[in-house]
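Following: one structure in structure tokens, then a few remarks.
As written, the chains take the letters A, B, C and D, and residue 1 is the first residue of each chain.
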Amino acid sequence: MKGAITPAAAAEMIPDGASLMIGGFMAVGTPERMIDALVARGARGLTVIANDTAMPGKGIGKLITAGAVARVITSHIGLNPETQAKMIAGEIEVELVPQGTLVERIRAGGMGLGGVLTPTGLGTEVEDGKPVIEVEGKRFLLETPLKADFALLAAWQADYVGNLCYMLTAHNFNPVMALAGRTVIAEASSIVPVGVIPPDAVKTPGVLVDHLLIRAS
Amino acid sequence: MKGAITPAAAAEMIPDGASLMIGGFMAVGTPERMIDALVARGARGLTVIANDTAMPGKGIGKLITAGAVARVITSHIGLNPETQAKMIAGEIEVELVPQGTLVERIRAGGMGLGGVLTPTGLGTEVEDGKPVIEVEGKRFLLETPLKADFALLAAWQADYVGNLCYMLTAHNFNPVMALAGRTVIAEASSIVPVGVIPPDAVKTPGVLVDHLLIRAS
Amino acid sequence: MMDAKDLIARRVAQEIKPGMLVNLGIGLPSLVAGFVPASLGVFFQAENGVIGLGARPTEGMEDPHLTDAGGGFVSAVPGAASIDSAMSFGLIRGGHLDMTVLGGLQVDEAGHLANWKVPGKMVPGMGGAMDLVTGAARVIVAMQHTARGASKIVPRCTLPLTARRRVDLIVTDLAVIEPTEAGLVLRERAPGVSVEAILVATEANLILPGDIPEMTLV
Amino acid sequence: MMDAKDLIARRVAQEIKPGMLVNLGIGLPSLVAGFVPASLGVFFQAENGVIGLGARPTEGMEDPHLTDAGGGFVSAVPGAASIDSAMSFGLIRGGHLDMTVLGGLQVDEAGHLANWKVPGKMVPGMGGAMDLVTGAARVIVAMQHTARGASKIVPRCTLPLTARRRVDLIVTDLAVIEPTEAGLVLRERAPGVSVEAILVATEANLILPGDIPEMTLV
């Protein structure tokens, strides 16, 4: 952990055109203060890798509305009509990836694996243009690893080592994305003193986290 | 969860010649009561998939000494001279697998992935006879998934849904093996009433566990 | 007369056996949970991150960190477990999920499901559907038999497929249909619905066994 | 005179920078931790499952669930985290580990390490070594310069390799040697050891830069 920073300082670190992994599932477990700061800074041309684009006014939906996003790699945009409209208008490029494949591609990127061999998508549009590898008589799609310039995470508790815990369905993509961002910034609901989080409760070891957002005022 | 059974009943379920994944790292986080029951039953011809074979008198070492094991797939046998001696005598077949590859092969087997693409082992003896796949200009070994007839786990806390928690370095291979055994049997240091383990503390969801061992008397 | 969606959900609920792990899609499939007795010891998975999904909590007791895959507030039953997306889809892809119930746009005579895209019109994305249909031990499609008068059960899907896997059962407001290697077998009629009415409403060819009973709804 | 192992461990400790995540192999490398000041904020990983490894606890306060990769009892520092084997090797393979210090049987002029097998004699297995050498950002080999009079630094490894990756530094009781594209560069001499003595003890060719200072041991 290199230090706790303000949301504005975090947004300044993220240049236009950067690739961002953003935790969350329909804006549950999404770093909202970080997103607000990116919108306030007027970020442009971002590539967002995330499960979904939430809905207008929430989570990643705010980045879509603000015109900050040029490209998304995601499993679902069905509940955000603005993403759909901007995709049809050619303003946002959308790569749709099955959810289980998306999370494994991110994990592979973060854990130094060469890709994912999955049966999901075989014989569908998702297969188009991808190598099919046969292993022990079964066929699998080879899906490539994903990394990003930044991973923006939402956590429940953090300490100043950078250790993170998550709560209930707010885990989702956060623990995996912590491995795959070149710079990892986490926003926690609370920050507790070092030593307070039991080792067995830590889901993301602090060594993966570069910056925490300072406490909300 | 199908019920809590005695170690002897568990050992009766496991036929000679079965393949077993056994949790633990140098006998830390290993189901000792389960192993004692297998030794007492006089099991023979087992295939054991585990990080190591511990040392004589501890954990998997007891199965080795008892002559229960025909084959091991493991990363390390250096601290068990009996495994080395039986290997040289041709009594036990040993497949050595890099530790990080072993855990990913088990995870792939348990999570329905077709294999593991890893840089580990490239250009070494481990590469011999294995396909090398190039992804985005980098070369990776293709390692096949592993499953087993049974996974024998050691946990810290369990409840009667089968949810499991692990403690400190006793996690090791247990959470991953829980996914890859066709029948999963867990031995816990304590069993607590359903609802006592917080959802966020569960590392192995009970739906993966077929049987718990009854409490030690 | 019973609401069509409730009818479908009640019939699907009968497919659920004690101790199963079940994933219910958003919309119609999510209604199924309401017809499964707690005594069965069934665990519901929400693929966004919980095993042991419970009913919507009392107003004022919702928690923003506990939602289902549709974003609705839920509760957790005793013995629930939080899981991240990697574990959630590992359970699905690895065959640990006993059953999934999903909505459909089309199902065809090969038992193939299309439910994620209407090219040029609506592209919500596949979300978890492709993994669910590929990996679940049993796949049940729960949907209205027709949409705007057109049959959703067709000779061959014209919409992009969700997976190549043959689904296991189709439950509609008119019928229960089992896709088999030989084709779609009409297994049951909805209460008061004749075989003839089902054939008229179905574009696909249906195989008619000797006995096609009315659904029994417990 | 200082013990050879302590000398090596002290010199290796100087390579560790503030805030690093470091994995120390069992045996000699594990001694390094004793020479790293707590003020550096370094976290040690034991690949069997903990980040934030601390010293051996007071007798009677050991816990069987907290051991290092050699099976020895350890403690956990404040801010420690438990990890399972998949996460542990994900950190290693994924490049999140800043440094690993490993023992060696041989290192050659290409900087290749052999440390897991002596065919026909001793086959301990690679354990985590292959992943560590493949994945760690920086790999340091800490070993005695010779074994039974024979040089462990050789023109070309005769033992099976641990990885194709060129290690970053070799620290022995006689010298600090840096493998480079051009070959092995002699960087430092142990206190009181001459360049000539190092050359005599080394089977591999060493490149000699103009200045080869004595190790400074803080």
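Following the convention adopted for this analysis, a residue touches a chain if its C-beta (ideal position, glycine included) is under 8 Å from a C-beta of that chain, and two chains touch if they have at least 3 such contacts.
Just so you know, these numbers come straight off a predicted model, no measurement behind them.
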Given chain B and chain C, the chains that contact each of them: A
Centroid comparison with chain C (C-alpha atoms), farthest chain: D
Pair of chains joined by more contacts [C-beta pairs], A-D or B-D: B-D
Averaged-CA centre spacing for the pair chain D and chain C, given as whole angstrom: 56
Rounded Å distance between chain B and chain D, as computed from the means of their C-alpha atoms: 29
Centroid distance [mean C-alpha coordinates] between chain B and chain A, Å: 32
Rounded Å distance, chain A centre to chain D centre (Cα mean): 35
Multi-chain contact sites of chain B, meaning residues that touch two or more partners: 104, 107, 112-113, 118-119, 166-168, 199-200
Set of chain C residues in contact with two or more other chains: 50, 76, 82-83, 89-90, 92-93, 135
Contacting chain pairs - touch in the sense defined above: A-B, A-C, A-D, B-C, B-D
Interface residues, chain D side, partner chain B - complex: 46-50, 63-71, 76, 82-86, 88-90, 92-93, 117, 122-131, 134-135, 160-164
Sites on chain A touched by chain C in the complex: 25-29, 51-52, 55, 74-79, 84, 87, 94, 96, 98-101, 103-104, 107, 118-126, 156, 166-176, 203
Chain B - residues contacting chain A, complex: 104, 108, 112-119, 133, 135-136, 138, 140, 142, 144-145, 165-168, 199-201
Residues of chain D touching chain A in the complex: 19, 21, 43, 50-52, 76, 78-83, 87, 89-96, 135
In the complex, chain B residues that touch chain C: 1-2, 107, 110-113, 159, 161, 163, 179, 194-195, 199-200, 202, 205-208
